[in-house]
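Look at the two complexes coming up: subunit A is in both, with subunit B in one and subunit C in the other.
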Partner chain A sequence: MPGRTLIRMLTFASFVTPSFLGATAWIFLAAPHSGWLNRAWVALTGAPRGFLNIYTLAGAVCVIALYSYPYAFAFVSSALELVPSEMERSAELLGANWLRTTWRITLPLVRPAIIAGALMSFLEAIAEFGTPAFLLIPARQQVITTQLYLFFQYPSRPNLAAAYALPLLAVTVSLFLLQQRLLRRGRFTTVTGKGGVRVPFRLGPWRWPVFAICMAPPIFSLILPYTALLATSLSHAWGRGPVPGNLTFAWYHWALVENQGARRAIAHSVSYAAAAATIATALAVCSAYAVSRRLLPGARILGYLAMAPFVVPGIVLAIGFFAAYARPPLVLYGTAWMLIVAFATRFLPIAYAGSESALRSLDLELENAARTLGSGRLRTFGKITIPLLRRSILANWLMVFIPSLRELSSAVFLFTPATAVITNVIFDLSDEGNFEPLSALGIIMMALTFGLVAVAYRLFGGAVFGQRQRA
Partner chain B sequence: MTESAPHSDEVMPGGRTLSRRAMLGAGLGIVGQALLGADTGRRPAEGAAAPADEASLYAEAKKEGKVVWWTAHYQLDAAEAVRDAFVAKYPGIEVQFIRQTAQVIYQRLTQNLKAGVRELDVFASTDEAHYTALKKQGVLAAYRPLGLGNLPQAFQNVDPDGAYHVGALGLVIINYHTKLTIPPQKWTDLLDPRWKDQITVGHPGFSGYVGNWVVAMWDKFGWDYFTKLAKNNPKIGRSINDTVTDIVSGERLVGAGSDGTSLDSKSRGNPVDIQFPADDAILIVSPVAVLKDAPHPNAARLLESFYYTKEYSLAMSKTSNYTLRADVPAPSGVPIDRVKWYRNKVERLEKGVPEAIAKWRETFGV
Partner chain C sequence: MSAAAPILIARRRPDLSPGVWTVAAAILLFMVVVPLAWILVASVHSDQDNRLTPANYVEAFTKSIYLQPIRNSLILAALSAAPTCRAAP
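After this line comes the complex of A and B, so read on.
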């Protein structure tokens, strides 16, 4: 198939795009009367109104699906990489065509990964806050997370919110356990991975249709939304559409120079995300090391603890953090640490999973050699292990930094205006329908993210992208 | 409709039209005048800490260097205009502000107070009930801002103890897309099925203006107004300013919006205009207060006093909001005392807004 690398990169790009930004863009595209796609439809067909309505449950589901599919993609594609071509080739030798081979051999082999990916997407979707807030309040549909948010609004009932969050937690925990079971079962079906060379499949005339299908999600999750965001951020009033006289750079000027709140939020976002990434990566490396080398009794528990935040939806984590750190003895609320610690906790599992697998792939002999030569455990760790892990550490750092930068669901509960981050400002702007400055800020945030990814890609090549698959 | 009778308008001496509720709420009347005199004599107890003249207040404020201001009063660009005017008048003091819906800033303030976080200097919500609640907790500073006398007298003394003062005047009116030749003339017109899928409103759980409006409609027409409105499938945003976005973009045609944001958008060439409803515009008297534990007490007082300067009213006028001083004309062309308005009593808002939010969720599902 043509453009495989392109598809991978685009999928990664939709993975780093926060869905609330996508939801906003889809408001521009598919609001029932004013959405550009609907207007184009009306102009083309003369119909009284367009057929798209983003302010519906279906609309929100579609948007969330567009930004959760990278999880499924990651799981399935990494599983597919382990399927050796020999099995497929033997099927072909026995006379099966590629469709049959795919259906009878390949898909059953990766079935656990498909299910695990689906569950992972589900976990992401059920915890989603931004998109429901933007699309479902106008649609007059309530979901758990928006209800939780309302419990935190005036008149506020944080205790009720905490109680209400528990069923959500129960759902995510049980799904996670289910996923773990499936993955374990999967391990014995998947061929060991020692299989020979993987030969790219020849699709023949099917290439282009398949390519078209693969391009569909990126078109809807990236190309259309980013065009809409960019166009809006450059217009005086988005409702007027791309007409002359509506073009302006004023909103970028507003966000970067004029509005001190927005400027500070950008600085906060970058520094908090960097601090969170540093803390999470350091914790992850140390605990993963302790677990994999069994340095402590009960080290496995440490591993479970590091992975635990994974199943806690951001909004539930935030409610817990608020309950714990907004009153004495430890008051973090109102300080930057509240957000930093929350981000670090929330994304620790990503760093932990990354460090753990990197450590597992590290040959113990290297460490043993150092130990034999008389180096202590700590010295070995510092002089041998860490340098060997360098690439993975940097990749993990980035994989915590990116989601921290775009995190909304926990930030919305934990910030005070003095510690607001970009996502808070975006959320606040959406409150009033200030879509133009919102788009400008969103574009700035994504430019920061993509810029960083590009630098990382330059420095460490594909390792960063490979890492994604464990996220 | 029958319920509106008890709040019928009365003509005040001097030709001002005031509802009885407003009169009571403002603590006016002849008795009120007398109280006002008594009050001013009593108040300086706490105000004494702050310098009583502008120059020395500014000097003290400058030492503090900045002021933190949370406002829900008007749209973002109006808040920016106020900040710019303040900074121009008082260089050397940085204004850190956020503009958010009333319930959101109130919620943040309550969270901060509970956690003992001192961050805010000047609190400017649109829901008067917030202030009575905060006053009861004793977290507001009693202060008589400089130049308060420049306000129309009816609004000079909203709180007899001077814990908060009027910071902005605004109306909830019908706003509409100018492609409508005949907009709805009164609130009950919005119930007409011809507006199905064409109405936009904010959410009382977020916006103080909307909460105020919901209570007013409830008291005037009964809750039935909203069960009927729900049949017209209004689009529900969060801030009252959402309605302007929806109308300008052509997403919806009519809304229950604020005069300031609508006229501001109109002045920028957008296809939106306002209609004063025949069954009363809803007057929102938005208070402003200085926090007792304000980290920048003098700058806070300077900012509150700034509300009554000509510069502030000019910033209001520039952004199409009602001015606080008679010497700066109202941008709507209709002075506030000529508007037929209705105002909720603060005692009604205290209980009414939370109830209205709960009932709203039942009726509209969010």
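After this line comes the complex of A and C, so read on.
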């Protein structure tokens, strides 16, 4: 198929795009009256009004599905990589065409991965806060996460919120366990000792239709939304559309120079994300080391703890932080640490998984050599292990920094006006309906993100992104 | 005799490392276990007078204005997951 690399890159780009920005962009495209797609429909067909309304449950479903399909993509494509071409070849030799081969051979082989990917999407969707908050709060149609948010509005009911959040946690934990079981059990043995020659599938005339199908999600999750965001960020008023006289750079000037709140939020975002990434990476390396070398009694429990935030929805974690650290003995609420520690906790599993697999590939010999020469455990760790892990440490740091920069769900609960980050400002602007400055801020945030992704890609190549399946 | 000398020179320092791993474990407790445990504690206390009570659970799972969001969440998640069962290129 043509453009395989392009599709992988686009899928990764929609993975990095936070769905709340996607949701905002889809407001411009499909708001009931003023949405551009609706107006184009009216202009083309002469219908009294457009048929799209993004402020509905169906609208939210579409947006969430667009931004969660990269998870399924990651699962399925790594499973497909293990399917040996011989099996497909044998089917072909027996006279099956490619459609039949795919249906009878390839799909059954990757079925467990497809189910696991769908469960992952379900987990993501039920824990998602941004999209429902942007699309469904205006429609007064709540989901669990937005209802939790409303519990924190005046008059706030934090304890009721805690009771309401626990079943959500139970659902995510049990789904995760189910998914792990599926991935372990339902696996066919496809990796054999006999070489796996990878012969690309010949699609013949079917090439272009298949390419078109594969391009559909990126068009709706990236190309249209980013065009809409960019156009809005450069307009005086987005409803007037891209006409002369509507063009302005004022919103970028507003965000980067004029408005102190926006400028401070950008500085906060970058510095908190950097601090969170540092804490998470350091903690991940230390605990992964302690676990892999069994340096503490109950070291395995430490590993489970470090991976636990993976299944805790951001909102639930935030409610926990609020319950634990908003009142004495330890008050973090109101300080930058509240957000930093929350971000570090939320993305700790990414750093831990990275450190653990890097440590596993290190032979003990090098450490033992240093220890034989009389070096203590700590000195060996600092002088031998850490330098050997340098690349992985840097990669993990970036992999925590990137999602921390755009984290919304925990920031919304834990910020105070003095510690607001970019996502808080974006959330407030959306609430007020100030979409033009919102788009400018969103574009700035994504420019930072994609800049960092490019740096990471240059430094480490594509492998870095392979190890990561969740933000 | 002389072959053993380097080993004698390398003086063993006190091993501080258990302290470091313990601190890491303590920070993990503080970041992961304490917040989750506090949700549990908070959920059984009243918002008004901080009394120990199951009332929050009763309120959250009997009132229809709180049940509708749960239904919506399940619909949303199920529908969002469905189209992702799509084979990759």
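One rule holds for everything that comes next: the second predicted complex is superposed on the first by the 428 of 471 C-alpha atoms of A that agree within 3 Å, B and C clash if a C-alpha of one lies under 4 Å from a C-alpha of the other, contacts with A are read in each partner's own complex, and residues count from 1 in each chain.
By definition in this document, a contact is a pair of C-beta atoms (placed from the backbone, for glycine too) under 8 Å apart; a residue touches a chain by one contact, two chains touch by 3 or more.
It should be emphasised that the depicted structure is a prediction, and the values quoted were computed from it without experimental measurement.
**Q** Return fit or clash for subunit B versus subunit C, each positioned on subunit A through the superposition.
**A** fit
**Q** Looking at the overlay, what does A:261 touch: subunit B (first), subunit C (second), both, or neither?
**A** first
**Q** Looking only at contacts as defined up top, I'd like to know whether subunit B or subunit C touches more of subunit A.
**A** C
**Q** Using the superposition on chain A described above, determine whether A:418 touches subunit B (first), subunit C (second), both, or neither.
**A** Touch status of A:418: first partner only.
**Q** Check whether A:144 is in contact with subunit B, with subunit C, with both or with neither, and answer first, second, both or neither.
**A** Only subunit C is touched by A:144; subunit B is not.
**Q** Just checking: does A:344 make contact with subunit B only, subunit C only, both, or neither of them? Give me first, second, both or neither.
**A** In the superposition, A:344 contacts subunit C only.
**Q** Which partner does A:26 reach: the first (subunit B), the second (subunit C), both, or neither?
**A** After superposition on chain A, A:26 lies in contact with neither partner.
**Q** For A:114, decide between first (touching subunit B), second (touching subunit C), both and neither.
**A** second
**Q** Once both structures sit on top of one another, what is the angle subunit B-subunit A-subunit C taken between CA centres, to the nearest 10 degrees?
**A** 80
**Q** Contacts for A:15 in the overlay, against subunit B (first) and subunit C (second): which applies, first, second, both or neither?
**A** Neither: A:15 stays clear of subunit B and subunit C.
**Q** How many Å separate the nearest C-alpha atoms of subunit B and subunit C in the overlaid structures?
**A** Minimum over all C-alpha pairs of subunit B and subunit C: 7 Å.
**Q** Can you list the residues of subunit A that touch subunit B in one structure and subunit C in the other?
**A** Comparing the two interfaces on subunit A, one with subunit B and one with subunit C, the shared residues are 136, 141-142, 146, 156.
**Q** Give every residue of subunit B touching subunit A within the complex, in rising order.
**A** Those in contact with subunit A are residues 68, 70, 75-76, 80, 94, 96-101, 103-104, 106-108, 110-112, 114-117, 119-120, 197, 203, 205-206, 235-239, 241-242, 244-246, 248-252, 268, 270, 354, 357, 361, 364-366.
**Q** Using the touch definition from the top, list the residues of subunit A that touch subunit B in their complex.
**A** So the residues of subunit A touching subunit B come out as 31-34, 55, 136-138, 140-142, 146, 150, 152-156, 236-240, 258-261, 326-327, 331, 333-334, 416-418, 420, 428-435.
**Q** What does subunit A use to touch subunit C in their complex?
**A** 1, 4, 7, 57-58, 60-61, 64-65, 68-69, 71-73, 76-77, 80, 102, 106-107, 110, 114-115, 117-119, 121-126, 132, 136, 141-147, 156-160, 162-169, 210, 214, 283, 286-287, 289-290, 295-296, 302, 305-306, 308-309, 312, 316-317, 319-321, 323-325, 341, 344-345, 348, 373-374, 376-379, 381
**Q** Per the contact definition, I'd like the list of subunit C residues that touch subunit A in the complex.
**A** Touching subunit A from subunit C are residues 7, 10-13, 15-18, 20-22, 24-25, 27-29, 31-47, 56-57, 59-61, 66, 68-70, 72-89.
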